[in-house]
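Written below as structure tokens is the structure these notes are about.
Order of writing sets the labels: A, B, C, D and E. Residues in every chain begin at 1.
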Amino acid sequence: EDVTLTIESWRNDDLKLWQDKIIPAFEASNPGIKLKFTPMAPTEYNSAINSKLGAGTAGDLISCRPFDASLALYKAGYLEDLTSMDAMSNFSDVAKAAWQTDDAAHTFCVPMASVIHGFIYNKDAFDELGLTAPETEEEFFAVLDKIKEDGSYIPMAMGTNDQWEAATMGYQNIGPTYWKGEEGRLALIKGEQKLTDPQWVEPYEVLHKWAPYLGDGFEAQTYPDSQNLFTLGRAAIYPAGSWEIAMFNEQADFKMGAFKPPVKAKSDTCYISDHVDIGIGMNAKTENPEAAKTFLAWVASPEFAEIFGNALPGFFPLSSAPVEISDPLAEEFVSWRGDCETTIRSTYQILSRGTPNLENETWGASAAAIKGTATPEELGKKLQDGLDSWYKPQK
Amino acid sequence: MSALTLKNVYKAFGDTEVLKDISIEVEQGEFVVFVGPSGCGKSTLLRVIAGLEEATAGEVHIDGKLVNTVPPSKRGIAMVFQSYALYPHLNVANNMSLALKQEGVSKAEIAERVQEASRMLQLDDYLKRFPSELSGGQRQRVAIGRAVVRQPKLFLLDEPLSNLDAALRVSTRLEIASLHKQLDATMIYVTHDQTEAMTLADKIVVLRDGRVEQVGSPMELYNKPANKFVAGFLGSPAMNFLPASLLKDGDTRVIGLRPEYIYLDENGPLSAKVQHVEQLGGDTNVIAMVGEHMVTVRLFGQHAIAPNQQLTLGFDPATLHYFDE
Amino acid sequence: MACCRIGVLETGFSLLEIVMQASRFRWHIVIFLAPAVIVYTAVMIFPLFNTLRLALYTDVDQVRTFVGLDNFNMLFGDPRWSEQFWNALGNNFKFFFIHMLVQNPIGVALAALLSHPRLRFAALYRSAIFIPTILSFVIVGFAWKLILSPIWGIAPSMLDAVGLKSLFAPWLGKEAYALITLSLISVWQFVGIPMMLIYAALLSIPEEILEAGEIDGITGINAFWKIKLPLILPSIGIISILTFVGNFNAFDLIYAAQGALAGPDFSTDILGTFLYRTFFGFQLQLGDPYMGSAVAGTMFAIILVGVCIYLFGIQTRLRRYQL
Amino acid sequence: MNKARSNPVSAAAMHGALIIYTLIALFPVFVILINSFKSRRAIFREPLSMPNSDSFSLIGYETVMKQGDFFLYFQNSMIVTVGSLFLILLFGSMAAFALSEYRFKGNMIMGLYLALGIMIPIRIGTVAILEMMVATGLVNTLWSLILVYTAQGLPLAVFILSEFMRQVSDDLKDAGRVDGLSEYTIFARIVVPLVRPAMATVAVFNMIPIWNDLWFPLILAPAEETKTLTLGSQVFIGQFVTDWNAVLSALSMAILPVLILYIIFSRQLIRGITSGAVK
Amino acid sequence: MSALTLKNVYKAFGDTEVLKDISIEVEQGEFVVFVGPSGCGKSTLLRVIAGLEEATAGEVHIDGKLVNTVPPSKRGIAMVFQSYALYPHLNVANNMSLALKQEGVSKAEIAERVQEASRMLQLDDYLKRFPSELSGGQRQRVAIGRAVVRQPKLFLLDEPLSNLDAALRVSTRLEIASLHKQLDATMIYVTHDQTEAMTLADKIVVLRDGRVEQVGSPMELYNKPANKFVAGFLGSPAMNFLPASLLKDGDTRVIGLRPEYIYLDENGPLSAKVQHVEQLGGDTNVIAMVGEHMVTVRLFGQHAIAPNQQLTLGFDPATLHYFDE
């Protein structure tokens, strides 16, 4: 008798990939276990999965959002503790951190993928205007100026309507360079740095300088607008997450390149956001724990990493075993792991646990910074005040 | 056993007392007509009997049973509403047969009864029409038909013929009378029409301002009205009222004299000046002034009398009524 | 007046005794009410109030703990919460007023036009105007963003065509306009509802009364004000209260167009989105059923007050005319 | 048409106003429709242009047809919508009749009780509802949706229908009572036919949120066999990438059935005209 | 100049032809009464005149102007609907004054006219009531009041008195007559009441099945009916029809004999057996069989006649009417 495992996920985008590649590959090597991938709209996922776990109707395997969302599920007893799984050793501590208890004693999801921030640019346009990818902030703005002067392209495609674009592709993209990646992030958690410190405020100043280079009416520009502006060849630079690669490859009919977040001076260390994003855990109430564990072990295997990393260029496997990425753009992104210090988004661990929610506030602040509706200092103060109101780091 | 008994029935709408201390006894199979001025409470009384309004006080008995708390549908009555209350979404045939269907009468029987009623009411051609496609008189006939098909023991009819032409009215009146005999049903009938009241009624109840003024057979009421109101209300044209002092000095009473009992008499005691003449064909009504009193004289047949003519009028003193003012 | 009002007036018994009514138990009332009450109580009231109850609890180390009104104290006393709450409430009132001022008059006007007995193509217009109401929020959000987008430019180029390009602004992205714009989109979408209701009400006015008006010289707009409007007042009352309830529960359109953070800078945040964020969480913000229930309870109280004002203050005073 | 009573000027003005509003109402719909027939590029390059040989593309519809069993979803949506509407109208009109026709102590309170449901978003009761459906074994059946939507639709139905039922002439109901009709027959044979326009209105109001709802299908009946059309269309809305072609096509197709339902119900509106008491 | 002219007016509802080739001329200030059996098209004709229905064919002229395309509100008419059509949301006073407000009549004038009308219709006590709180007759009076206050040149009244009691009916009838004189208005009046028709009309139009049967003054119609239908329709009780062969063998015509022209005469030519006696107080109607023919005899005053009694009846041959079958 075959068992069928149902996988809950917010990744509608990946439905094809699972149906065409991952599921056949797994079922081929694991007869007797069938998989069913049932993604839902990403916006509904958190609340839906909560409700379903609460009532006991959720699937056997649960895709895990990083950090608190999954931690809460684990604490509520919905997710099985996977600490003892052998395959966990395939992952670095950093990779596992997103799905561990604060004391790192228990791990409850198998890390699947991370995403890297950077800038994607229209190579044809750059060639046409005689530009090269910038490395320093100064160069970056010089390039923007040139494109603007020329006038045939919108220098940079980003809007503030959806807010998270400004925070994720803007603040979290260029920010690590200023707060020095993990160093700043951890100091913030420990309470040694404050969001009012210059290294946290400066990115807002820089973001504000982006405004003139964004398209007309960027205030009402949505995320899909930005994507389309770029892939239709109307914008030259796109502040990106690596997840865009697959679709951009498919939709853009021009050559693309990527550059990492610019540094202040040429010799400075560069920092990139290599953010753990997807994991997968096991419903504690599953009726097929053995089969589920078999599957999870397979997810932790290099075989899965290979399939996943290549089928979804831009979602980079987290397993320590090296994976060949064949997509050139994705390859470019992943190569930065070697050049630069990596970090994760500053707001994700611990700091967004209370009210007001730092991540949400950061969205608003980043959008406000670009639009200039508040000064960077004001924004920093507002965020820090919000944080102070509930977060008491043990100094 | 009495078919309907009302005991000290009162009804008020908020502060307005509409029925006051009404007590009436109706025998099985009797035909009772309620008459009274517009707004005196006739319809309200019917509605109380039907159970559509609750009496503020008093008892209603039907067939000897106290029915104050019995719902209308269980009282075994049929009613013709003054406002017709036809079901606008049902055609004529269905308007008439709805109640029968509810009672579970067989299809064939329903068809037969509807046909019978529509024949009697001359509605055959309209069975498929909706109420909104009927003339006023046709609607009224449907309302009658709806009551008739049910063949209940107690009929309540609220001015059922008011919108019918004379001929139809006569024929329908006769149909109702024969229905009454045939079904041995008790009928309570409200009308403004003197002829209907006089011809149909076994008993007439005269209402005024929510009170019963007099109850009796038509001729009793006509010939022996209990008071000036009843006397003036029955008979058309209405009774003439003159101060008795006209005939006998110092008499403070009022004389009532029916127009039909006054005749042209050269030696008559009253001299009058014609005001206005109404030629009705079969009758002639002469409205004339006796001193400052207006007197209506009803003459049989057609008479060539012109306004301003002087007449002398006579009457048979035996036909005089006397009322205390 | 109907039979069944018999004897039920002034009495002061319990529900059961009343229904019982002097030896004749009015079973039909029970039977008429039962299916609705049962389904509704089981599937709606029970779960809802079971959830609302959580407003009095909080989560202390995975344990549900009774805390009385603490959550409400926090909601109103703690500026982190209260600011958001008052902001959402204020926006909600604006949202509601725009609907009352724009949606309902337009709806009534359209219904009045459509109910004109001799209007041709009325069914066609009616269906066309109703179509937006049928659309899902996803598509409404998409279409309007596309139209209003400064980039793809339907609105800007249309304004340009009439020489008013200067009037254009990225409305959805500006704090000052976003709420109004969304309210108007919502009006656009839902105008069909007051229209239908009023239309149904207008249709039930007997032709003869309008004819009497015509003879009396009361035609056209006068007939509307003097005859039709008074007769449909109860329906207007209904659409007002429905608009009120609907607006104070609204959520989807803002969520579809601006996301759960109801940007820019919470300028389009209304109680529905605020509740959603609090109860179900959003992005990194975890859902908090306890605070969420407190917010829901507060919303419930606000709406209940509004509905009670209507039910007891207005509806009972509305004269109904049996047509 | 009665010439004497129709004024050409005002008729023209009326048509003018209606046409303008119709254009406003339909323009975005038009935008959606034309774009559902275009390639993605063309959608964003020139959103307002008609599909031409260059930009015409059925890719969206193809995607939709390929992905999932849309006819099944469609059927599920239909069953759920029509089933819920039937129950809402039946139960709702019964309760509305009781409230509008009978005066009993607690009438007001009952009315208020039945309205409470619209004052709290039913979503927050999700877990309890889901638990109940699990307990009764109704999860992943269309019944679970029908029950929830019925409960959700009742308050509005009762609210609206009782208002309209109050306007039905007492004389008519009284005539029925005198005719010996039971309260049930009066309800079914007299009152319901006379409030048909209101019933149609209620049906239309409820139909839309039911048809478009995403949440409860997702929670209560996400199984492939019980998926509704709206839930099925969600596949195309991704985390980062939304397949607008497919979304537009799926949702454009989803308009049709509701539109047909709407037209059916709005017929009832017209039929209701024969009402209006006579004299 | 004629106040109203109808030329070959036709009206059909779908397939049903309701008015057929109606041509009527009404002079300024004339009082015209339409009579005819229920459903013959009287109300429809009024509605065509008012402009509420469009004639299928033919012309309607008011004051010499073709008004086929003039809306009702511009025709300068007031109308009393058979079904009253009161505004349910307005109280009695406002029901009456709405049209005046619309016309912009001054407050004081409105108050005065409403008061005048309500006095005349005895509605003073009900001015604040809503239609649903009125009795049938009170509603009807409000409907009349609503027309009366407007003082238009052309009145259309559709059975305006059908729900009033005799006394009120007489007084209202007189008020209408005096209003007619006073305003010099043209009135078109539909009634089923013989007395109303005979007393009010300058001219009676008899309709039957949508056609005009005869037009003339009341006495003309009464004394010289154009055909059997008109003869039978006017007069109450209706004219008796007997085969002329009863009097003269071989005569194939029909004799018409009014009940009031038959008298008890021991030497009379007709011997009859009493079927039924209607005592009306002022009159006695005797329904008797002459051979197999039913004959109604109307006797003045009260008579003690019992069913089954044998009577011999006489009549004045001069009062006979002859009709071809």
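The rule is simple: a residue touches a chain if its C-beta (ideal position, glycine included) is under 8 Å from a C-beta of that chain, and two chains touch if they have at least 3 such contacts.
What you are looking at is a predicted structure, and each value in this text was computed from that prediction instead of being measured.
Centroid distances built from C-alpha atoms place A farthest away from subunit B. Summed over C-beta pairs in contact, the chain pair with the top total is C-D.
Computed from the mean C-alpha positions, the centre of subunit B lies at a distance of 54 Å from the centre of subunit D.
The distance from the centre of subunit A to the centre of subunit E, each centre being the mean of the chain's C-alpha atoms, comes to 91 Å. Look at where the CA atoms of subunit A average out and do the same for subunit C: the two points lie 38 Å apart.
Note on chain placement: the centre of subunit C and the centre of subunit D lie 15 Å apart, centres being C-alpha means.
Residues of subunit A in contact with two or more other chains: 47.
Under the contact definition stated at the top, the residues of subunit B that touch 2 or more other chains are 51-52, 71-72, 83, 134, 136. Residue positions 1-2, 5, 7, 44, 126-127, 169, 171, 174, 177, 182, 237, 244, 275-279 of subunit D are each in touch with at least two other chains. If you check the complex, the residues on subunit A that touch subunit D are 10-13, 15, 38-42, 44, 47-48, 51-52, 54-57, 223-224, 227-228, 232, 241, 243-244, 247, 251. Against subunit A, in their complex, subunit D makes its touches with residues 40-41, 44-45, 67, 126-127, 130-131, 133-134, 139, 214-215, 218-219, 222, 234-242, 244. Interface residues of subunit D, counted against subunit B in their complex, comprise 169, 171-172, 174-182, 185, 189-190, 193-194, 274-279. Subunit A meets subunit C in the complex at residues 43, 46-47, 50, 67-69, 72, 75-76, 159-164, 215-222, 225, 229, 347-348, 352-353, 355-360, 363-364, 367-368, 371, 373, 386, 389-390. Partner subunit E is touched in their complex by these residues of subunit C: 206, 208-209, 211-219, 222, 226-227, 230-231, 319, 321-323.
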